[in-house]
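In structure tokens below, several structures.
Note that chain A is present in both complexes that follow, paired respectively with chain B and with chain C.
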Partner chain A sequence: MNRRILLAATLATTAGFAGTASAQTALSMWYHGAGGEVEGAIIRQIVDDFNASQSDYVVSLESFPQESYNDSIVAAALAGNLPDIVDVDGPVMPNWAWAGYLRPLDIDESLIENFLPGTKGYWNGELYSVGLWDAAVALYARQSTLEALGLRTPTLEEPWTKEEFMAALDAAKESGDFEYPLDLGMAWTGEWYPYAFSPFLQSFGGDIVDRETYQTAEGVLNGDAALEFGEWWQSLFADGYAPGTSQDPADRDAGFIDGKYAFSWNGNWAAVNTIEGGVDDVVFLPAPDFGNGSVIGAASWQFGVSAASEHPEGAAAFIEFALQDKYLAAFTDGIGLIPSTPTAAEMTETYKEGGPLNVFFALSEEQALVRPVTPGYVVAAKVFEKALADIANGADVADTLDAAADEINADIERNGGYGHQ
Partner chain B sequence: MTSKLTTSNRAGWGFALPGFALIATFIVLPFIFAFWLSLTNQRLISPNPTEFVGLDNYRSLLSIDVLSIEPERDAAGALVRDDDGALSYPAVRGFTRNNPDYPQYAGMREWFRWHWGDTAKVVIATDVIFWKALANTLTFVLVVAPVQGALALGLALLINQRLRGINFYRAVYFMPVVVSIVVVSLLWRFIYDGEDGLLNNLLSALTFGAFTGMDWLGNPDTALGSIMAMSIWQAVGFHMVIWLSGLQTISPTLYEASAIEGASKWQTFRYVTWPGLRNTAVLVVIVITMQAFALFAQIDVMTNGGPLDSTQTVVFQAVERGYGKQDISGGSTISVILFVLVLTISLIQRWLAREKT
Partner chain C sequence: MAAISSDNHGLRLVVRYAVLTLIAAIFIFPLVFMVMSSFKPDLQLLRDTSSFRAFLPVGDLSLDNYRDAFTRAPVATFVFNSVLVTGLTVLLSLLFCSLAAFSFVFLNWTGRSVLLSVILATLIVPFETIAIPLLLLVSKLPWIGLDGFQIGWLNSYRVQIIPWIADGLTIFLFVQYFKDLPKELIEASRVEGASWWQIYRKVVMPLSGPVLATAAILKFLVMYNQYLWPLIVVQQESYRPVMVGLQYFFQLDTAWGEIMAYLTVITVPVLAFYLVLQRAFIASIASTGVKG
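Let's look at the complex of A and B:
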């Protein structure tokens, strides 16, 4: 733990006891997790601890349901009453930073040296947000299924190739034991599509936009690698490997546990439920390597300071305070997220060395690639989601990817290049 | 020229004022804003200044053209046919993407095509999704308005009787109206579920297993129809009540007179009930039409416009663009077009239903 903070905290506490005559500055904070009991308790604990630890600032917390959180921030920004401390989804951060909602985060960067790369929100060379946790996706399978089908267990060093992956799906299909070999989670519309599926495209060698310049999607979203990805993606549904866009959400949640699916492409947040649901031999396999390495998505919710804040130093102090390992571990133990530091991981039951979910920490460290870091991502993600749904439903691959690339390019142009230099 | 409206009618204007103020603030003013925004490149959030772009938004939304494509010929000039004898045509993207010979078609996409002899006539548009949404919305209105109106009238005639417990039936038919449309949509998603939904189970039981299940919302051919059926069911009770109020304004003496004259049931309906419902009919049809044009919640909850754009609608696209894709000017443009469309249709309906003297 950083001694400077502890010292500052101790001093602040002593000062607080010595004399509370000086007025405290009120800071407001918005959080996306309303309704989550455990999550709410942890974040309130951090706020209470911070308020008790010093006498300069009092943070007050307001929680919003996740579905309406982004809309609330946009509305607040337009109305001119953003809170001091905001919580922002990693891939959305550049959009808000570009729009002038966020200010660069002025914290001691040595504090986040050991943080997982996906938890640090950089845009245009400056740090804007930091996450107390990350999320990772893996291919869920039962050890018993792998053995029954005679499949090699893939490892981080040697993941399945595309051929091995498709052979595994074929074996599961031929066994006749499953409704579908693979569950991709098509029922989860929204950010799940770009988060979970764009890494497949990246592993094929394509991407949503060209990360060199962020000025075009031409050639990356509709190039040869992308076409190959698109054909493969369509075959998953056309050949009956995976349920399509009309998948029942209940099947998404329980289908793997009930044995309807042999493999499930799912996030670390579902791991505890799967184990508790009775799948005690579940293994979390790394993403297949489609030619350009195994890739999974990175970046979850993070904290930043709003541009409207009159006391950014207080807001930054709160964020520094929240970055303590014990809070990272609390979120992990409470709701199963991946702690941002190895030291915090060691403090948890599930992610410590040898723990059942430790593999996710390794996945996050080795394979994670953040979604395109550009303000235009918000629109590109929507376009990408629709293209993937259409291809899954049988639309022409080349036409669909062309149209998606055109729409993303038109949007970039209408926004004057989104401020990339 | 003075009329009743302007002379010594302070009380009347006083009563109307709050209503006028609310309509001006929440309907007229936002519409003027929408019209103005549709002529700019306004974004939901952006540090860039808003620019006036004239009719660009309308142009990119409405541009549509017909492209004639000749079938491919081999070196000898004979038509190339595949194994089934079908002609093969060059891909549309060859004309619309990076082709300097056809600059007027740049960025356009195929909407649908038909064949004129050997030539394929392909309708291409800059914004295919908008056209699909427009076509779906019009189909929805054309089906829902008459069917829902007629069903509601049928129900109203059924419950317009003096029977014991008739209020129970009135309440049952009206119930779906008071349940939130979002909840109704979620429930119908379960009913339409492709694997073990209620509808599939029911049909399978009724046909002794001959019916093997249908992915109602996941199939482009059935998705819009499924949403129509559910929407008709949900709002039919509301219009039933309006019809019922109309039925109860018809004087019983007319029915007595027709009974004395020996009119049959059909004659009574044709010459007594239906003429008495004239104004109600106009109201019901206009209200259903306007509600049908505003189709949004069902789409948002059940299909998100898919599969393959088979359930895109105009209002859903307006919201999707304005908030989802942060393109307020695009959303506003769609809203203005929708306004003009609904206004035109309502005026035509008024004109068709006018009192002929």
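Let's look at the complex of A and C:
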């Protein structure tokens, strides 16, 4: 009798599990963070928590190395095997949406009302992606250096003007204590150039493309403001203020810590290493105001739903689930990124009010400007990168910016205006 | 002048060895840097790059980078995948390309010279130009395996092996080598009643050691260094090869020490393979030089 009861119970349990398994819809998710141990552990935790929290969907995760992630997505789109959930770099999102890789993200938008502006991926008036974190750039300096050179410490409310900034570089140069006054990170190529340097251009009053229409770069990338920016940019290298494109990558990573540079233009992701590297009195200063306000770049990796997904409601449910403050804070504590909400920031040691990196949250909130929200950005970014490198290497400023504007315009024309409405 | 030349014989020898040593050093130093750096912490590694210390086992040395590299990425899986894919492709390539070359050189059939020209013409086509069409093709190809019938080859070993078995360069190497084999041997074998398969297997291939070694090494290097193709056809980590795996180490803060440790580990199969075939490879190059 006991055996029969046991058998019946086993069958009932097995049938129950089988029923549960067959009712669950499988969702695939691709993520760009392969090789990031802490990051990987957090994203796996979110997936596990989501799978355990409901019985309708089960998400399976595949991680890719960041360097090759975009190529993998494009190849998968061509081959027709995109997953349900993807993560996408903020400035690339409009291109993927335009190309038909992504569908609008159908989530309760009240959930992201208090998110940092750079974490919300809108294109053509629709939300396509949302990020659990943002990144910000600041001017790294030592408090002791500022004091030794007799410099005012700039604040968010009162950043350095162009004149103050150049005076600071001159003071550092004249002190003879540094190989170069400023490290711009010229050794980092690729997206670093438009992300880190186009805010300078915007602060001068120019831009990569005209954001009113997104149909031309004429007048913004080669107008008077842009020319002024270009001349200033070239002078940084010609006059020995900053190492140029031949900068040793090792110096980019360790030069400021070693005292080779007085100032370093770097992202929040390098802050912890800088402090741990022995720079106890490091201060993170806001971008100088070159005439049109202080500007820094914005938008990091975000989650979206692929157009190929047969279960977009499930994919959106996962993304909504991932937007909880505890996960935002986990990414911040784990890998130092800026949490998307002030409530999540308060849950962290580094970004809470009074925390050592809290200034980055404020920078992101106050100064961040997303890169041009257009599918053509992926091409324009490369053109901009080449133009800046050429100018740094001594090319004629006006000719180079004219050529860059022409190239961007030709790309926009080739692609029928990229579908802007 | 003659006297000066004779007197300076020793000096010339010294200069010659100095130049040769310098050239050897140019090739060896990057490897020495890689191995030495793999034992150093990142900050020290970066600081040492500005001096000769970069090539010396000095400072804070440990195996931490190796431990961390194996923790960060499934290094053993990547190495296994690359060795498997490379090994199978090399073996199949040697077989099929030598058979094709045998046919081109020894068999008499209509259109062989035209077809050989077409195959050789593929040497000037960069792989990047056919990568996308090939991707679209393999993503639609059928396959019957242990899992039954399925459409699409993506995420598998076969998609990394089969498209790379036959290539113009390997066929060309075999054709050139077979052309120089004594025709009398082949004719005598035919007179003795040997089939073409027997001639291929028992006469031609036993004489083809040098070209086999050359073709194997060249193919090995191409396959072991594969990046673009596996990147676009393999999405599952369990099938990824070493070069795609290298990208795991380029994070927000690049782990230079771990990269050097990873590179040292993945260089071992290449060195082992080269050392095994070294003598035949040099013999092949040397004989090519004499003919030239």
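Quick note on the criterion: the second predicted complex is superposed on the first by the 400 of 421 C-alpha atoms of A that agree within 3 Å, B and C clash if a C-alpha of one lies under 4 Å from a C-alpha of the other, contacts with A are read in each partner's own complex, and residues count from 1 in each chain.
The rule is short, and it goes like this: a contact is a pair of C-beta atoms (placed from the backbone, for glycine too) under 8 Å apart; a residue touches a chain by one contact, two chains touch by 3 or more.
Everything numeric in this text was worked out from a predicted model, so none of it was measured.
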Name the contact category of A:Asp402: first (chain B only), second (chain C only), both, or neither.
-> first
Once the shared chain is lined up, is A:Thr245 touching chain B (first), chain C (second), both, or neither of them?
-> first
In the overlay, answer first, second, both or neither for which of chain B and chain C A:Ala34 touches.
-> second
For A:Arg414, select first, second, both or neither according to whether it touches chain B, chain C, the two together, or no partner.
-> first
In the superposed arrangement, which partner chain does A:Asp258 touch: chain B (first), chain C (second), both, or neither?
-> second
Chain B versus chain C as contact partner of A:Trp269, first or second or both or neither | second
After lining up the shared chain so the two structures overlap, which partner does A:Ala389 touch, if you call chain B first and chain C second: first, second, both or neither?
-> first
Touched partner set for A:Thr189, first chain B, second chain C, both or neither = first
Contacts of A:Asp71 with chain B and chain C, given as first, second, both or neither | both
Residues of chain A at both interfaces, chain B in one complex, chain C in the other | 71, 78, 248
Interface with chain A, chain B side, in the complex: residues 41, 43-48, 91-93, 97, 107, 109-110, 128, 193-195, 215, 217-218, 220, 304-309, 320, 323-327
What residues of chain A sit close enough to touch chain C in their complex?
-> 30, 34-37, 62-68, 71-72, 75-76, 78-81, 248, 250, 253-254, 257-258, 267, 269-270, 273, 277, 335
Over in the complex, which chain A residues touch chain B? Could you list them?
-> 71, 74, 77-78, 95-96, 98-101, 189, 244-246, 248, 251, 378-379, 382-383, 386, 389-390, 393-395, 398-399, 402-403, 406, 410-411, 414-416, 419
Complex contact set, residues of chain C against chain A = 42-43, 46-47, 49-50, 71-73, 132, 135-136, 139, 152, 154, 231-233, 235-237, 244-245, 247-254, 256
